[in-house]
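Next come two complexes, and both contain subunit A; in the first it sits with subunit B, in the second with subunit C.
And then the complex of A and B:
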């Protein structure tokens, strides 16, 4: 029997992608690579230079110098602004990841962010408390509210058998409309048509700070987000609860059989996820924005799904993938204003990145098949060599 | 009362046909959270068709609308190929695939809408304006008290939906294809053993799902919105999923759930108007369908039985 030899192309691809352990990193990178190429093709079709496009993405995030800056601003200003918007994304992606590890899909991150942000705004944000009390209190309120909102989804899941995706989406809408009603009725700023800005004492991002001779924002929450990444990494990989979480995610019945309480684990995962979403809400509504726009649910919670997926739901992977996706979303604004590539292109690149990342299982299976075939061929070659 | 019925029906029926799309996909064993993306993509294709051919028809002609509904069905099915390929060929996680397909639909149609507007029509706009479809009133029947509401100001597409839904019901419960499809969701291995191609069956089911969602989306574009823009992604796809689960993955029960949502919504609006409440209160009314869904799910989902092999990736080797 004669079989086709494995093509050199798939051999090379296998060599690049590496063994199974390395594939955890290389497959997402491959997805990123493909989507950046697709984005470049798109920009070419629009008659723009893709290299200029990608450079302007980095310039918009303060990673490369722009040609000129407005008075008193500089690259550092852009970089700090980038960190400011990266922070909630990091928290939100961690929130998705914790639930995902337990086999749950928290699509309600945006709603939990909004609820936490709103309740913290009206309790702490509009109070005359001094900064030393107000800032920690903001964080605590957001975490607790988020955790409760997450736990509610968990309870609905294990007690009433309601699919967490459906209940989370329903809750998203309920939060969005109820909060919009309260904002428009009681807390609206008549000029901006948003909620009143929270007090500077409660705000987690310091505004108009002079640093290195430049006017900039200082996102205090970013430090917290970095800590959260490493705490979550430790929690998932090094603690008993983290192990139980993963066990439930891998197989609910097997975990139950081994004596893990699935109910408790689901509740814990959703509360933790909600608390992280609350932190995302704190840094988004009481840090980055300072006010809440009624009737709008932020896309951060949904983009976070993309980030989590791309980062393999691993906290360190998420650190990298959120870094990347935030560059694309934030830099998109500057790419639009500087070289006129429509903003939609950047969301399209993100969407494609997700699509390719979702194909990860397939790529992995294909690679395994190529590898198996190669081993088979080697064996046969050895046999023949032995005979001769 | 008439208003409640008129608006309730106009909202329920598109929602229903989207939910039927969901039932087709899920009864075949493929989890479908992508309805939202399907309905938007379908409506996008329909709206593009209407915009690009607007010069070819007489202004009063109703023909473009019916053609747009067909194009929306084809477009929805075309877009559904992504979900089908990801779930069936690439064996991706079906929940993730659904979410990805939704996000991509939003980004893609947003981009294409503004591009088509600027390239083909030379204007910068992020939407396609459609005429709100005409309405029909059936005179002798419309004057029946209360029930007359069902014959007043009816959108013509409501009949299309009813016709399509009847066909969908017949195909699902009375044909060999439907029986195999339902069996596929419970035990694909048995279907395979009976000599039927599981992958092809599921693929067809997802495409049907896309077509029906596209139809529903186009109807929403013609009634609730009056134009096509990204505002079509307001979560009706997810609402349809809730209706499907509430209807226990069965077509007749799902119709009941959709009618309930539609009437709760329109009754709420009438209530706000009647009581003379400020317009901000309509935000509170907006939550009615969602809150009702949650509440009803709390009571009923204990007895719900999802298709047994739902979301399972069919692996021939396991047989």
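And then the complex of A and C:
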């Protein structure tokens, strides 16, 4: 019973995907590649040219020039707008990643964003404080509130063994409805039906700035988000606490055996995750939007899960994956208005990306099998060669 | 030749890196108890997995009732009336016994002649009948989670009988049982032979083979090295063939030089998660330069003693003193720093973080200390430097040196890594729990040498093992545990293997 030789196709695939270490990068890229192809097929079915579609995505984010711009606006305007919405996504994805590294699933990022954003709005956003005080204070309030909200989930987890997914989902609802009640009762703007816009002094995104002869927004939080990526990268890979966090995530019983306090680590991970979610809330509600729409929970915290998984829960990976996914979500609006591809298509591509990224384990297992087989064949070939 | 119900001809099965079965030919007669003897990793389970259709042989053929097997799958094996009780049971814990047994082939009925439903009642009856017929004594309506291991095993047996298996394969069935339960199981097996079933018993325990089997095939490193009639072959002869050489259990053990007591356990009681007392009122002390071994059948509280001493299980009463300091309520880390090293029973879930690198795992007890961690920042180059030193000193083999992910390493090398890490701590007290479980002869010898070397260095060693031979060879003092209590504590040279065996089964003086 002789096994079939490994086909050249799977050999080539293995060569492209590389060894285990390289696969951490190539498999997500492969997932992106597959989902872009699937998106292209979708656009073809809708009778649109997929190349035009993808170009319009980039145009919508200010990475390729559009044919014409409204007065006083330009490619730079779009780019800054893109950075404005990328910022909260980056923070939110880092929030998911920190919890994920500790073996926890923080599905409550959206709720923590909202709570932080709301409390910062009513304390700092509606105060007459000058910008130098108000902007840092906004950030601090959001971080602390987010950290406390995250810590609550952590306490419920280790004290009462309540699954963090369940408590986070419940808390999402609680935050959403309680805050809606307060906004509609005390802080609503009767015209927009949203909360009153926060003061320009507290807002983290500068509005209507003239730069390079163009009117644009300036998202100050973006710089902070970039710093956060590298700080988190250092924290997870190089610090003692990061090591303990990963140990608890990889094997709770072994971490306990090694003398790590799992309770403290869980609490720390959830607080940190919550603080990052708070930063996402600050840059979203007091930056990008400037106000809060009641009864709506942003999808940022949920999209962040997709971003985190696609980026292998690695801060640098997340930088790349959030860059990509934000292009698709943000550019979707322009793709709709310019060539008439429904905005849902961009959501679909994002969803497919997650789906293919989740197949990563399967692809990895397949690759390993091909590799083992190749090694076996080589050995046999050597043996036969030796005999002859 | 033609009366063989199972015949394997020149079966070879390779896995990456090893030949699990090498050109094995054997025949099994209808209605006999056929034992497959061999050490861990000798290829017994692989061979039987081929028979049960879980693997396809690379070369060779399998014949059942004289017909060549063409398709290898467990479903096909079931059609051929082959059943297998795996080492790890495959049961749904919140289903009843009957529900587990009928799973996948549920008898149907229609409520009011229309709505399809599972006919549990008639199944219950059938299961009860089968249970009675073979003397299995189970209540079909009980849930699996309420059953002990021995009962769960009987459910697995019933599952095969319900599927009308004629050829029954048992993979290490006695590994998890107490002596009484083993007796009961062996009686069931005899009863099944009387009813005309063919039974294949995979084991490495000679006494069991001697008790029930008719014929026995001996495997060693993937090869069939012998076939014997059990009645006419001595256990010693079987053992020699199994290991592939004359068995000498003599180790170079230096004469004992005991020092002051290092570890004192005083009236220790431990409760498990369900609130049952699993260790009750245990007292002993381990001196410097002494190996104190706790012998006992699995599940009698040994592991809980080790966990309680290491701080991983809460002590309900009593005290633990290490080097004169009461550590009963100390944290795991405080105990380690006080001078306790611990090689745990479950090396994959406790002792190692499988997805971390070898270097990270070797530093698992030291990562927070200087020079590996300065001001909360890890120094990976120091990790790697120390790891390379340990890898060299303890001969740990892995694909990519200290950067190998531990999951990809062999069991023996994983264990070496744990032993290396714990010995490197240079703690005055070392606990070894099942240090050689699942390892091959070479690795076992290596670990035994390490234990004895630590003894010579004046360490107090607490050894907990299920292998009586290991205990008899290494221990200076033996404590025998039964049902959570130390029944007997005595110097090793005053006890014979037989006596220890009797205490293990709960026989009191």
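The criterion applied here is as follows: the second predicted complex is superposed on the first by the 387 of 388 C-alpha atoms of A that agree within 3 Å, B and C clash if a C-alpha of one lies under 4 Å from a C-alpha of the other, contacts with A are read in each partner's own complex, and residues count from 1 in each chain.
Methods note: a residue touches a chain if its C-beta (ideal position, glycine included) is under 8 Å from a C-beta of that chain, and two chains touch if they have at least 3 such contacts.
Nothing here was measured: the structure is a model prediction, and the numbers come from that model.
Aligning the shared subunit A places subunit B and subunit C in steric conflict. In the superposition on chain A, A:227 contacts neither subunit B nor subunit C. Of the two partner chains placed by superposition, only subunit C is touched by A:238; subunit B is not. In the superposition on chain A, A:348 contacts subunit B only, with no contact to subunit C.
Judged by the touch definition given at the top, the superposed model places A:258 against subunit C, while subunit B stays out of reach.
Legend: residue contacts after superposition of the two complexes on their common chain; A:381 is shown touching neither subunit B nor subunit C.
In the superposition on chain A, A:209 makes contact with neither subunit B nor subunit C. Applying the stated contact rule after C-alpha superposition, one finds that A:12 touches neither subunit B nor subunit C. More residues of subunit A lie in touch with B than with the remaining chain of the pair subunit B and subunit C. Mapped onto the common chain A, subunit B and subunit C collide along 189-197, the only clashing stretch among 63-71, 189-197 or 225-233.
Partner subunit C is touched in their complex by these residues of subunit A: 1, 3, 20, 238-241, 243, 246-247, 250-251, 253-261, 372, 375-376.
Remark: subunit C residues 14, 16, 56-59, 310, 312, 331-333, 336, 342, 344, 346, 349-356, 360, 364-365, 367-368, 373, 376-378, 380, 405 touch subunit A in the complex.
The touching residues of subunit B, when paired with subunit A in their complex, are 33, 82, 86, 89-93, 95-97, 99-100, 103-104, 106-108, 110-111, 114-115, 235, 238, 241-242, 245, 280-281, 283-284, 286-287, 290-291, 293-294, 297-298, 301-302, 304. On subunit A, the positions that touch subunit B within their shared complex are 105, 107, 156, 160-163, 165-167, 169-174, 177-178, 180-181, 184-185, 295, 302-303, 305-306, 309, 342, 344-345, 347-348, 350-352, 354-355, 357-362, 365.
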